[in-house]
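In the two assemblies presented below, chain A is common to both, partnered first by chain B and then by chain C.
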Partner chain A sequence: MKRILKAVANTVGGWFEARLRLKESVMPILEHPIPAGAAGPKGWWYVFGSASMTLLFLQIATGIGLALVYVPSADQAYQSLEYLNYRQPFGWFLRSIHYWSGSGMVVMVVVHMTQVFLHGSYKYPRELTWIFGVCLLLLTLGMAFTGQVLRWDADAYWGVGVGASMAGRVPVAGPGIVELLIGGPTIGASTLSRFFALHVFIIPGLLLALVGGHLWLVITRGISEPPVPGQPVDPKTYDAKYHEEVKKGKPFLGDAMTKDALFSSLVVLVIVALAAIIGPKGPGGLPDPTLTGANPRPDWPFLWLFGLLSLSPAGLETFVMLAFPAVLVVCLLLVPFVSNRGERAPSRRPVAVLVVLVGGTTLAVLTYEGMTSPWSPQMGAWSGDTIPTAVVKRSTPLELQGAAVFQNKNCRNCHALEGIGGKRGPDLSSVGVRLTRDQLIDQINNGTPGGGNMPAYGKHVRPAEMDAMVAFLVSLRPEGQPPAKTAGQTTKK
Partner chain B sequence: MSEPTAPKPADAPTPEEPTRRSAMLWITGGVGAAAAAAVGVPVVGFLAGAVRARPIDWVPIGKVTDAALFPVNETRLHIFRNPIHEEWDGDSAKTGAYIRNLGKDDKGQEQFWVFSMICAHLGCPVTWFPQSALFMCPCHGGVYYENGDRASGPPPRGLYKMPWRIKEGVLEVQAPHLPTLQDTLEKPSDVVQLGIIKRDRGERA
Partner chain C sequence: MTLAPKWVPVWLAIAFLASGCNPPGKPTLPQTSGRPEDLKDFDALYSSNCAACHGKDGTLGPAPPLNDPLFLRIVPDAELVRVITEGRAGTPMAPFDHSKGGPLTTAQVKILAAGLKTKWGTPGVMTDVPGYALAPGGNSEDGMMTFMMACASCHGENGKGGKSGEQRVGAINDPAYLALSSNQALRRYIITGRPDLGMPSYNEKTNRPHNFKTLTAQDVADLTSLLDSWRSPATK
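After this line comes the complex of A and B, so read on.
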């Protein structure tokens, strides 16, 4: 029985092989030799690229699934997402996997890139491979942004608005670019259709083409050997050396591929687990631009940019928005040309290690800032966050009245009391120690001098209100601390 | 040495072949170019058509004398469907304008402030706080005074003013495109106005 089956398999397989000729076309590619080091334990450094690709395929599979139901029309996209979330069996799960796998793809691409950078694998003769990689990173981020827009909710709407407003600052061409981006004079149906085409056809097409090129280069120029300190790359001798190295190498189909497969499978499991436990993202608020109280936030891959835009000084802002990203990309593209020879081991390349540490920390800090966004007024604080009772326990009637004025004039939107409220301005829990009555009145009336952070309230606070509010603010002191005094009441600050 | 009768190798030159081949090349090039143009012209036309002319539309908001709609010295958010929209725009075709009735000026004309909700920094929606007479932006902390001037935060200018007019006793607002720094509502960019309708802003009462 077994023998018959085997014979049948052989005949059928042989029939196909006689026509497909895979043994002479595909097999050599799969079995292309890789440096022995890359097949050993150090090979675990090499798994991130294939994991990125695995997630790309997962995105394609889930994306096709979602496209069967999703309606890319401004008036129905939101409902179709709700339908996916609540009615379509496993719809929420597919959306969830698509979101988490997309996030994972961004992470994997960045990790892969960092590894390649730290190991100097971009040096001769793999410069072009790196350049393709940079383009793949940009396309991946492009997928993240366009994908966020397809989740046609308030964040999506305002995300496009912010993107368009940034583009609108390009000298001269700005307004034309805005129209091109949003597909007309306003954000709406044509915007969504356009982002759908980008997300589903244009960017994925480019992604697949570039992945093909990237892999082609990996195969033709070979996988880089694990870096060894004291063995610098010299373009004159590298090829011959690599050739020798690979002669002692191992076929890719084997340990290396097993590592890739194992790691990719683990990544997929983690993604699916996250998707199942945390669930899909949104859709959030309705895509109705007239709903005030919207609090637009970009998806996490762009929080660092959100942070950067909020923190950059006004004079530099347009530069930070337009030129800085371009400069960043050019720097990445130039990496293999600035250093395409020399040491590869991180232990011999302190500058490279420093770049990764500083760059990573900066991104992390900006992302954190973007997440907490202390610069945003909290629109509901004035009516939602009550004055902490401890603050007004021993207040006089006038001070109590002042507390009410303080709340009612929306001060809490920017000023916290005991940490609760907006973080745009300073926490005022102990402002009475810092500022005198006169200084407070001046600050409230005229705002921060020179058009700083605090607006001038002069016209909108009546004298009685001012009296009460300032009395309240002066009373904001830790127990036993005297109120602020202008030194001897003689020197002016 | 080949026999005279043997078929010549394909690339062996013969007197008449170069002209025939180059004629063939010319024809192929010509037909190819025609095919490319046949496809290219409509495709380019289609893509360019995506950038449409901006019609000037006026949206009636309400009777100037209607004190419930336009109470004097109070800023109200008025919501309308932007005439610049597609049938399938859904809620995204809705637009808001902050309108404040300033009462009559010396000549007895009604005066209004009409501001776009779109923040002049990066386009987020601003919220009006009547208690402190400020517009606040949720994104990067831009704040504006009641007259639209920048009060604090990153916006490089005041709120975008929307062109308005009074026609037969009705306050009308010009249908807004997405305002950006170089393409405001009062002074639209020339770049996207190429060959489009002479601009009639009507009377600024």
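After this line comes the complex of A and C, so read on.
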């Protein structure tokens, strides 16, 4: 029986091979030799690129599934997502995998790029591979942004609004770009169609073409050998040296491919687990500009930019919006031209390591700021965030009324108590230790001097309200701590 | 053997099936349309509109507790609707109805008013409790006699504050406190006390002198009148 099956397989396989000639075309590519070092334990550094590509294919597969149900029209998109979430069997799971795999793709592309940067793999003769890679990063971010718009909830609606406003600031061409991007001067019926076309046809088309180019370059110029300190790249001698090294190398089909396959499988498993445990993102609030309670946030890959824009002074806005991202991209593109020779090992390139550390920390901090957005008052805090019960229990009737006035006057929207409430102003949990009664009255009446952060509330607070509120604020002290005193008061005692 | 990495996908598949294809990430159908005016759930409305002042579960907030069965027995339904709608002028209680500049629809105000009694009230009628509504005929001099008998042991002479056991009791004759409190709120505290902060109701003997007698409707009116007489002339 086995023999018969084998004979059939051989005959069928032979028929196809005679016509496709795979042994001559594909096999040499799969078996192309790679440096011996890249096939050993150090080969684990080389798995991130293939994981990014695996996730791209997962995105295509799940994306096609979603496109079968999704309706790219402004009045039905939201409903079609709800249908996927709640009615279509496993529709939510498809959405969930698509979201997590998309997020994973951004992570993998960034990790891959960081590894290539730290190992100096972008140096001669792989400058063009790096440039293709930078374009792939931008396209991946483009997919993340357009995908977020297709979710067509409040975040998406306002996200497009912010994106279009940014584009509108481009000198001369601004209005034209906005018109092209959102299909008119305002967000409307054609906006979603534009973003659907971008997300489903234009960007994926470019992405696949560039992935093809990126891979072709990887195969023709070979995988870089793991960096060794003291073996700098010299474009004059590199090709010959690499040729020699590859002669002692191993075929890609084998150890290296097994590592790629194992890591990609692990990544897919993690994504499926996240999709099942955490679930899909949104759709969030309705995409209705009349809903005043909307508190839109971009998806996580753009939170750092959101944070940066919110924290930059008004005068710098146009620069931060237009010039800064362009400068970043140009810097990335210039990397292999600034240093295409010399040491590759991170231990010999302190500047490169520092760039990664500083850049990573900056991105992380800005992302955290974007996530918590402490500059935004929390408009529901005054009526929703409770006064800590320990404070209520020890308060006098006057202090209790003061606490109610504190809430009624919306102070809580900017000032947290024990970490709960707005973060725009300082947390007031122990303000009684810092400010005296008179200082508090002055602060509330006149706000921050010089037109600072806190407005003057003097005209909005009656004397009895001020008395009660200040009594409450003075009482906000850790147990056993005396109220704040001015220097004069201290010396008198 | 079965814990080897190659079995991980199988375990995951089993976990997925074991959850009845309902793993924790599966979204559940939301109860509302997402429009704020469509929110009809008492708990959600309470926690976003009332909890900040009246306390998370209706107690231990700076404002009078709403999770107080005695209060809920005596307060008329229409009064709850009216106060949520209009607020109480001069006090920190804000108006909540759209028509008065508040954040809620009339339907939502009614859900809140009705929900307070359903959630925290106890059914039944109490006939011998002094009524909720402000009553005329209070006499502040008689009120002072009652105050000495029923209140002064904690609130101190003339309401200047005192102690209840180890607990400090703040002044209730403070002009700012009284300026921000309606006579209705003062009357309500005299009747219901503040159970969440240990203040006894009109008939509780805890922490009170031996000669304490349950407060009558007249006593309550007299005490309200006394507190009102402590207001500074400007805020009367």
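The rule is simple: the second predicted complex is superposed on the first by the 405 of 493 C-alpha atoms of A that agree within 3 Å, B and C clash if a C-alpha of one lies under 4 Å from a C-alpha of the other, contacts with A are read in each partner's own complex, and residues count from 1 in each chain.
One rule holds for everything that comes next: a residue touches a chain if its C-beta (ideal position, glycine included) is under 8 Å from a C-beta of that chain, and two chains touch if they have at least 3 such contacts.
None of these values were measured; they are calculated from a predicted model.
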item	value
Contacts of A:Lys393 with chain B and chain C, given as first, second, both or neither	second
First, second, both or neither for A:Asn408, with chain B first and chain C second	both
Partner chain in contact with A:Pro185 - chain B first, chain C second, else both or neither	first
First (chain B), second (chain C), both or neither touched by A:Ala275	second
Superposed model, chain A: greater residue contact from chain B or chain C	B
First (chain B), second (chain C), both or neither touched by A:Ser73	first
Partner chain in contact with A:Leu286 - chain B first, chain C second, else both or neither	both
Contacts of A:Tyr86 with chain B and chain C, given as first, second, both or neither	second
Touched partner set for A:Glu465, first chain B, second chain C, both or neither	second
Doubly contacted chain A residues - partners chain C and chain B	286, 288, 291, 293, 382, 408
Residues of chain A defined as touching chain C within the complex	85-86, 90, 92-93, 96, 269, 272-280, 285-286, 288, 291, 293, 380-387, 389, 392-405, 407-408, 412, 462-465, 467-468, 471
Interfacial residue positions of chain A with respect to chain B in the complex	73-76, 78, 157-158, 161-162, 164-169, 172-176, 178-180, 182-190, 286-296, 309-310, 314, 317, 375-377, 379, 382, 408-411, 413-414, 424, 447-448, 451-457, 459-460
Contacting residues of chain B [partner chain A, same complex]	50-52, 54, 77, 79, 82, 84-96, 117-118, 121-125, 127-129, 131-134, 136-141, 143, 145, 150-154, 156, 176-178, 180-183, 188-189, 191-192
Interfacial residue positions of chain C with respect to chain A in the complex	8-9, 12, 16, 21, 23-29, 33-36, 47-53, 55-56, 60-63, 91-94, 103, 161, 168-172, 174-177, 179-181, 197, 235
